[in-house]
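Okay, so subunit A shows up in both of these, paired with subunit B first and subunit C after.
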Partner chain A sequence: MDSNLAVQLTIQGILLGGIYGLIALGLSLIFGVMGVINFAHGQMMVMAMYVSYWIFVLFGIDPYLSLVIVAAVIFVLGYVVQSSLVNRILDYPEAIQVLPLVSLGLILENFALLLWGPDHRSPQTALSLKTFWIGSVMIDVSRLIAFVLAIVITILIFGFLKKSNIGKCIRAAADNRTGAILVGINVDRINNTSFALGAATTAAAGVLLLPLMPVSPHIGHDFTLTAFIVVILGGMGNLLGALVGGLILGVAESTSTLFLPATLKQVVSFSILIIIMLFRPQGLFGGKK
Partner chain B sequence: MKRFYMFLAIIFTILLLLPLFLDNYILGIFVMIFYWAYVGQTWNVLTGYTGHISLGHALYIGIGAYATTYLALTFGLTPWIGMFLGGLIAVVIALFLGFLGFRFGLRGVYFVILTIAFAEITRLTVSHIEALGSFTGIFLDFNPSFWNLQFRGNQPYYYISLGFMVASLVVVRLIETSKLGRFMVAIREDEEAAQALGVNTFKYNMTAIAISAFMTSLAGAFYANYIFYLHPNTLFGMSTSIDLILRPIVGGLGTLFGPVIGSFILTPLSEISRAYFAKGGLEGLHLILYGVLAILVVLFMPKGIIVYVKKLLSPILKTTHGE
Partner chain C sequence: MSAKRLSIGGMDRRTFLKVSGVASLGMAATTFGVPKLLRAAPPTIKIGSVQPATGPLAVIGVGQRRGNQLAVDYINSMGGIKSMDGAKLELLLGDSESKPEIGRSEADRLIKGGAVVMTGPFQSGVALAISTLCEQRQVPFMMDVAALDKITDKGKKYTFRVFITVTGLLNGGIKYLKMVTEMKGVMPKRAVVANTADAFGKGMSGGFVKFMEKSGLPIEIVDRVQYPLGIHDLSAEVARIKAAKPDILFPVSRPGDGIILTRELYKQRVELMGIYGPGSPGWYEPDVIKDLDKLIYYVMINVPWINPKSPVYQQANAAFQKAYNRYLDTNSAYAYAGVQVIADILERAGSTDPEKILVAARQTNFKNHPVVGGPITFDEKGDNTGALTALIQVQPDDDLLKRVKIVVPKEFAQSDKIIFPAPQLWER
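And then the complex of A and B:
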């Protein structure tokens, strides 16, 4: 019975880990190109969850279908944030760079609080309570869909960065900024696109999360931290590392509920962070710099 | 320089006499001004002077508050001694954090996340310890006396918090002019170069974080006996850490008077707007304004308001720029 529960929790952890990976992918992408940590990452995701929620409530469009619209909305938000704010602070000392993005998170969080109140909201979608059994293990349909879509989106982003013209420019700018400018890449615009793409990625993750988890204004901050831990676990700026790190963290958090109260599961992820920093600060997949 | 000290002495005298003319509510706002100036200053010691960004400084406030209160409730130990024991705990934790961060020369982002992680772990752990009141927190009994650090009315708190602020100014001024301070600034400007010139950067980083943690935790002891209510989310939470860094940055990071100027501008604004908007049912609006203000300051006056204050005062103080 107990081992059964362990298997169940591990599978749940893997499925959730795919979404963690997606959130972290966005953060890693932004960091890789600009060297800036998006402290408003989780709050942007919460915005996406609200947009998706209201599209569902007002127009009855299922979150999985509205995903593209929501991602586009948050893409624009990210583009505006980068072009109007982050591009101006890239050359500032790090201590001062932190503040505007933390403030942005604060603004988004309280904006949500002001507009929609502190209630937890959860849409009753067609699939939200459907489950099926494999042997003795129960799997939520919406969790499985979220995982599969998260992996598909991750692969799409990899493909985009590898093959497309803009993707190549993004990788060039991440690799060597000055070099990219020298060969005639408009780095400012690439910055905007990268930030927007990172934001859209976390938006997609938020939409996938919506059927699994009620949305409220204050949950964003926790996800920002989770995304950080995943990114450090996988290696800063390493996109594949983000995915693997997400899976590891998902499983670790999920199985920790076997012997800890669920409210303490974050202590597990922070402990992983400290262990990684003690023994392998460059992350599991990080090369030497 | 002499004129400058005269100027400070005049301001200090005014602040000493002020409680004679102000009512209790206004005094309370001043207490908060001094309190935030003090914790902003203690954060400034680490981040302003050595450049290591801590976004988890609420950790030390929380440790100071909980340690002092626990010792007072369990052993009847006076907060005046308890706060130093709390300070020692804070130092031990800060040194462990510093060891993790500085050993690899982790800078910037990694260090930030490490500080957040420590604060969050402590917040969650305290939330699960029965003896510390778990999720509900601890309500303090009101037994006004000097040894309990509890008083009727705000006037004693006013003088104590003023004392804290002035003491922090003196300490930071002493650090600034000492060898330690020079090394800290060297680390901020270029850690590798400082190391190459023979500065033991690890040692000075550890010293800086220890001093900062110790001083910050003292503020926690004061806060606990001023508010009479300890809650893990407000004491260790990230919003406190953000609140704490806003003032020095707005005032002027890495300057002696930056945190004080920042606090004199932001604290009344936050106290008044919070009360005003909460009444209108617009909860959270004051934090939005706060965020917008912080962004504007960073974008348009990244060196802080202190630059303008200096310009404004230069005819009185007869100083040239750069003083």
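And then the complex of A and C:
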């Protein structure tokens, strides 16, 4: 086996894993606070990719610069979705909760198809082809930036949840909803904010992915699934778990190319999912329930 | 009706309704013409079109649908099927979602909805499912695009193919590769085949490897890299390609992969004499040409292609441009040709009876189509004997839409030069 290739694949896996982690972070946050799995997560990310794409095409603003604007737009979308839809289904059985969110995903996907057509769009941004070399190992600059920003955003979210007043309320609501209501927290509004925050982080991930892969309406579904696997791997509702889970999945998928046909990539991620479910159902970082 | 009330000029509600009802009937009769209503209107002939309108192949599926529809509209505007009292064609739409099982159930739905002929479906896997169904239901199936040979094997009676077979594609691919290497006096030694792992990608690339072995070309295929349909990241795959140190890359891709693959080849500095596609999309779509710009230059693809010199193409392309603001690409053009052939067969059959359609289909000899190739005639398997591929190359041109040029065969060629070996991606 070519050791150079192995190093190359590991580095690529780590860099992509950071973005996986960021996508999953939003999903984990939403689950942690409300116990709802956002099945429209990937589609929300695709929306963000399109918003960022159009800002780039129409105004020439690089995706990395429009990140904050795009995250704000998707924050509002998340807020509206939570206040108008998800707050109403929180007390329903889990199986019923799935349906409105899967439907929302389908609606968003077809909305994108209707508005922007099925084409694969992949604008050439300033950095999308930049690379540098360490010895014979290539580092993709846009991947590295995506990775670094993903880590930074994760740290910011951690800080926000630990230090800020709203963050403390979110953690209180996640810990004990009734208790939070009793001490006077407006739990509905906290829910709205958490969902919006989750949506905004996945939006950020989408923007970071734009220079790396073409956007088309149907790709959201795959990312919902990836995020779901990462969240289960790391532990449902555990934010650090999401990041570590993302890295593990990224490296596993990437290095599997060495000894498996690439068509079996998905087998790798789903095998990890099944193994975790069998031996550690609470996830790597999940506490006892 | 009360004469007294009428005589004083008043009108109650009932009277008003009666009078106005009669009056509007009269108006309708004069406007729309009663005699026409009495005559039996020619029935519409329903054609079922199953295409991958959503899912990873949606770009193509939507284009195919539009190609089908454009031909239907054109034929209707020219007076429909004349041998059947000008019966109009109607397209029933089905969406395979790029999946065989859904393609089959959609075809079933359309047949139940009255489709007398089926067309579609772009994917060979879907075509296999629909052709089996059509044999059971005795509904003729005119495949516009689908290449896998085995779809028409096993003595299927109702299945016809306007497109070329994988064997035909591969023969073209090898023939043109020989031509280019001889003409340029350069011979690559090591090659990698990279392909999607759907029915077409596997069949096509597997076939290509076999044909290369038999071709006598001294090119060794040192690695085969397969990846799932709809992949978002090919960095690991390209790292593997690089490790194999090929001189030439033979991709069998799908829309979207071409962009990811080329950018990764650039980033990882994979040194190649060129990219030569034995026959697949992903390299010539307008969005790909625009997004990749210089990086896509000099890519050569052996492909069933549009015939820009044919008047039918020019007319259809103008209509397509007007309706959808993009040019009629090869897949949409084949979808257009599929409906043209169906109309030609119906015209000669003079009936929607499946047996009569089969007889007429066997005698097809259709010349006025918009694609590269001879007249469309069907052999005993139902394959088009006139199907032919062209070798296209993306060459520098200020006009984005003129960058894709036919370089061989000579009678269809738009450019008389072929550039091979190509400059490295990062040196352009």
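Throughout what follows, the second predicted complex is superposed on the first by the 286 of 289 C-alpha atoms of A that agree within 3 Å, B and C clash if a C-alpha of one lies under 4 Å from a C-alpha of the other, contacts with A are read in each partner's own complex, and residues count from 1 in each chain.
Just so it is clear, a residue touches a chain if its C-beta (ideal position, glycine included) is under 8 Å from a C-beta of that chain, and two chains touch if they have at least 3 such contacts.
Because the structure is predicted, anything quoted here is derived from the model rather than measured.
Visitor: State whether subunit B and subunit C clash or fit side by side on subunit A once the two structures are superposed.
Guide: Once subunit A is superposed (C-alpha atoms), there is a clash between subunit B and subunit C.
Visitor: Just to be sure I read the superposition right, which of the two partners does A:L278 touch: subunit B = first, subunit C = second, or both, or neither?
Guide: Once the two structures are laid over each other on A, A:L278 reaches subunit B alone.
Visitor: Could you say whether A:M213 touches subunit B, subunit C, both of them, or neither, answering first, second, both or neither?
Guide: In the superposed model, A:M213 contacts subunit C only, not subunit B.
Visitor: Quick one: is A:T257 in contact with subunit B, with subunit C, with both, or with neither? Answer first, second, both or neither.
Guide: A:T257 sits against subunit C, while subunit B stays out of touch.
Visitor: Given the touch rule stated above, what does A:H120 touch, subunit B (first), subunit C (second), both, or neither?
Guide: second
Visitor: Which partner does A:Q266 reach: the first (subunit B), the second (subunit C), both, or neither?
Guide: Both partners, subunit B and subunit C.
Visitor: Regarding the shared-chain residue A:N87, is it in contact with subunit B (first), subunit C (second), both, or neither?
Guide: In the superposition, A:N87 contacts neither subunit B nor subunit C.
Visitor: Should A:N38 be classified as contacting the first partner (subunit B), the second (subunit C), both, or neither?
Guide: neither
Visitor: Is A:L16 contacted by the first partner subunit B, the second partner subunit C, both or neither?
Guide: The answer is second: A:L16 touches subunit C but not subunit B.
Visitor: Would you sort A:D2 into first (subunit B), second (subunit C), both or neither based on which partner it touches?
Guide: Only subunit C; A:D2 stays clear of subunit B.
Visitor: When you line up both complexes on chain A, which piece of subunit B, out of 130-138, 184-192 or 238-246, runs into subunit C?
Guide: 130-138
Visitor: Check subunit A for residues that touch subunit B in one structure and subunit C in the other, and list them.
Guide: Touching subunit B and subunit C on subunit A: residues 110, 113, 217, 261, 263, 266.
Visitor: Quick one: which bits of subunit B touch subunit A in the complex? Just the residue numbers, please.
Guide: My answer: residues 47-48, 51, 53, 55, 100-101, 104, 106-110, 112-114, 116-117, 120-121, 124-125, 127-128, 238-239, 242, 245-246, 249, 253, 282-285, 287-288, 290-292, 294-295, 298-299, 302.
Visitor: Looking at the complex, which residues from subunit A come into contact with subunit B?
Guide: 31, 37, 85, 88-89, 92-96, 98-100, 102-104, 106-107, 109-111, 113-114, 217, 221, 225, 228-229, 232, 236, 261, 263-264, 266-267, 270-271, 273-274, 277-278, 281
Visitor: Mind listing the subunit A positions that touch subunit C in their complex?
Guide: Residue positions touching the partner: 2, 4-5, 8-9, 12-13, 16, 110, 113, 117-124, 128-129, 131, 138, 140, 143, 209, 212-214, 216-219, 222, 253-255, 257-258, 261-263, 265-266.
Visitor: Under the stated contact criterion, what part of subunit C meets subunit A in this complex?
Guide: 54-56, 58-59, 61-62, 197, 225-228, 230-233, 235-237, 239-240, 242-243, 255-256, 259-260, 263, 266-269, 285, 287-288, 291-293
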